[in-house]
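Before anything else, here is the set of structures, which you'll find just below.
In the two complexes below, chain A is the common chain; its partner is chain B in one and chain C in the other.
After this line comes the complex of A and B, so read on.
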């Protein structure tokens, strides 16, 4: 699955679930989602649940970090790496 | 889908109730008055593996599923009149032992779990600070990397089992910029480590036989091998442990609610006023009917939440809902019992007022009712 496709799907989910009614142009692939407070702890868990369900992957406790979830680009990167590892 | 207990679950319940009545109940009033924690009773619980109900059998536990653990803790809450001891066991098991069992390395599990299960070791969860209660991630406790490990500095408060603990599960900031997601790390700290002390011990209105106090960390060296779940993994570990604590502490409350109901019904059937048992008066009977309904609803909610614990990402929603509903139900049922028993309800020798004092804390610890409502609202997308 192409990274760009994942980025688009993740952005659609975030806009619909956490930022309803907001202009999609306000969130880019590099917007800091966690460190800027767009996603709080519960939103992060909901996002992780969606990623696991949608892509059939599993995120470990230590992977629920700002390194992996702070931007759409970072999210797409960890999803891609999980999908590639699964083969 | 059957909602009846299996034969094994009935046996588990029966054995724990009998043990709790026989060994844990006597002296509960005295321990409450003196605010004394009993290590002897803790060790007795250890012989029943109560501090490690859901720990794998290879580490000495009973290997129970979350739902079976709920059945066991309900039995403990029902059979044990020492609410402080029940709370101490739950805090140890759910906020400390479960995280080690689920996230510990093989060496960590082998080193700590047998003692934590059989009653030799008592654990304390070090999260709350004076400036960060339910807002757990505004913490001031820090862990600074040094060769071979970390140096911990800080002070935790309202730590259940703190004054008597042998092991502390301490959460400390390792990268403030990352905050909740990746900036907090969980450390396994032996309480005899140089620089560790237990600080102030608090006096409370309820749960008085559970020792609660401060944890003081002054330059405590913790080796790398005592990081639980990886550097930065503390936020997720803590969040998961709160799911377990909120869902399964409520199981013990269900047991307490059943004991209260039996006490209140027994009194209402025997106490007579104006020629008939007071239970024949609707003003009393309706209170008891409401207690029964709250009991049944609470039990079902606990089982539902327990069933989510091992894998469901929405476990925190169900944990918050059950924690909120059952703790508030417990307070309502304790108040109703005091009211039905009238003068006897407020006499210390009957123990009902003690249950009410113990119950009052349940809407506060492990996240207040207000915080639980916030969490539920966030899951609604609000």
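After this line comes the complex of A and C, so read on.
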């Protein structure tokens, strides 16, 4: 699956779930989701559950970090790497 | 066009995308100006502990400038070198070298070529060995004092960062490089702060120069000044709003106590902003540590906004690992268990932190119930959020409405008031103390008190105004960070205004009240009630108050574990008196508070005297407290001994061939104790003169000390029993309340004590003399002391020597035996002796001293 598609899907989910009513143009692929407070711990858990369900991947506790979740681009990157590892 | 939430563009590699040098240089100079201004403000307002302040202010600006102009590849090494230099300066060369060696050893264990869990085991063993040293269970090589002094600094650097480091080491794929790893542990601000944010290792690496350098530096200045405002706000609340539990005597003071307990947390947020700001000056663009936590709208929002680094630490090592292990369970169950584990870990690590700072494990009912209650509130809030279909978040461009503002304010007010209650409860030593104060306030008409309604109506009103202000700000500037120019202008103008307010020249031109108010904000001292508390802590080991938020606590953390109250020492001997309880043991020779403590056969810290007065001598007996004993100074340096030497060396040979001052003072004895002890001992030594001391806080000291026997159910003399009954105190009255109720009766109690001494003196034909010693120490209450002196003159037969201005212009902080112990040092005793000698020379004739001319 192309990274661009993943980014779009993740963004749609975040906009619908955590930023309802917000103009999508206000969130870019590099917007800091954790440090800007868009994702908190419960939101992160919801997002992780959605990623696992939607893409059939397994996330681990240590992957719930700023490296992997702080932006749509970073989320897409970890999903892509998981999908590639699965083959 | 909608404004994007994107953060400012990343710097990339500055080597490939350099700014115009002239522009960079100008920005660097503007930042340097702000750093210099910050140092001036911090020094003027004495915002950090004096010992550390001068050091931090001196090295920060040059270190920042050198670091900023160094080639990028040398900067981390320079950062580490600055950190090591500050460590050696703060800890001392020898001790600092030991600390660095132990630290490097621990980091080395993390990298041994053995399996991961083997390394974790070795680090755990080494930590346990160090913990055994901290608990004084084993004696390490070298002086134990050195090790004990190092522990708080060591703990501030390693106790949490090692946990994070080991966790990340397991999952680390790339080698971050030696200097980066060392930089994580050896950060320049670390040695200056006992409380330090738990910086995440990954974030520490990820955010190093992740934006243009001068933007990061500017952000650092912004946070350092935000830290200044928090620390000044703390001081405002500390000096002008917050009562201590013992000062809570009704509804109004209870409301203030509850309200201010949460506001005092700004001391921690202020220090953390300062630390993160200083790190930004070295390129570490770390996230903020606190985010408008007073405006949290739910309890999980508090957890997100207050000490964000701690929240991230707990999420990393407790919440996520637990949740992911349990994620096959229903989400609500997994989140519940993971949240409870995270809060248990929070309680455990706070107790762990306390252990490294104080050497004992924190097991206090208020502490455990505080964390338990907070866990339940946060969990409830998190579960509500989990069950909500979607986040109820207002779009950024939605218009402002009063209904929305009121809705937000209602939530924020409930959370704020609840946090005030929780923090005030946490600040109490025992759960019963808080409920006792609440009961008192309720009976005093809490629900009708203006202060209560001011809080209930004022907080929401303020909330609506803040909501409107935030909306207008977002519309004007957007939600993103300000650009360099506006931010620098804001910081410089704010900093200059603060610096101006700290100028003594301005204070001289202002009305007295305003000048006094501004001066109070520039003083790194203690309010009177905390000095009293410190004395109570000294005698009674009370250490729970304002844990982690009060700067009083900083001093208590420095107190060595062998600096015990006198009553708990080997030099105190129990006696069969329910009020006195102990006296000084006779014939001992040891060390107390780091100085020799030798007593004679009569239980005096004094040379030996015959029971019968020598022929031709004038005998004086002295009744007082630890100040008269000379706690913390050599016996010969105490004011009593200095005075006796002066009498014999310079004034003997007139009417009297010699002078004796028998020191019957006992540490912890109040005016009541002195009178009771005089009744037991005075007749035996047949004195000519009886000296009784009165210090500048003896009135409050008398109340706080007398409460203890009352609460033990001790039998009191009839007059004191009558006072107890009128004050409405019994065994079950919480200590702080009992003190507050007894305070109005102090004059009566003190006069009763002095009349008792006067009566005993009359029987022996001795002259009773009251020596009132008024020093300029922190919290000294000269008005109370003078009032008591006046009462002594008017209502007793005591001859009064009123010694004022004893310490003159000397800095009171330089006259203490130790930062954590406000007893006078040798020089302080010299000044006290000089003041007494002057008074004795002036009044010698009236006192019948027969001094040789």
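Rule of thumb we're sticking to: the second predicted complex is superposed on the first by the 87 of 87 C-alpha atoms of A that agree within 3 Å, B and C clash if a C-alpha of one lies under 4 Å from a C-alpha of the other, contacts with A are read in each partner's own complex, and residues count from 1 in each chain.
One rule holds for everything that comes next: a contact is a pair of C-beta atoms (placed from the backbone, for glycine too) under 8 Å apart; a residue touches a chain by one contact, two chains touch by 3 or more.
All of these numbers come straight from a predicted model, not from anything done at the bench.
In the superposed pair of complexes, A:42 makes contact with chain B and with chain C alike. When the two structures are aligned on the shared chain, A:17 is found in touch with chain B and with chain C.
In the superposed three-chain model, the partner touching more residues of chain A is C, compared with the other of chain B and chain C.
When the two structures are aligned on the shared chain, A:26 is found in touch with chain C, with no touch to chain B. In the superposed model, A:69 makes contact with chain B only, not with chain C. When both complexes are overlaid on chain A, the residue A:87 reaches neither chain B nor chain C. Residues 17-18, 20, 35, 40-43, 45-46, 49, 60-62, 64-67 of chain A touch chain B in one complex and chain C in the other.
The touching residues of chain B, when paired with chain A in their complex, are 103, 137, 177-183, 229-233, 235-237, 239-240, 313-314, 316, 375, 378-379, 381. Listed in rising order, the residues of chain A touching chain B in the complex are 17-18, 20, 34-35, 40-46, 48-49, 52, 60-62, 64-67, 69-70. Taken together, the chain C residues at the contact with chain A in this complex read 1-7, 167, 170-171, 200, 202-203, 206, 287, 291, 300, 304, 311, 315-316, 319-321, 323-325, 327, 331, 335, 382, 385-386, 390-391, 393-398.
Per the touch definition, chain A reaches chain C in the complex via residues 16-23, 25-28, 30-32, 35-38, 40-43, 45-46, 49, 59-62, 64-67.
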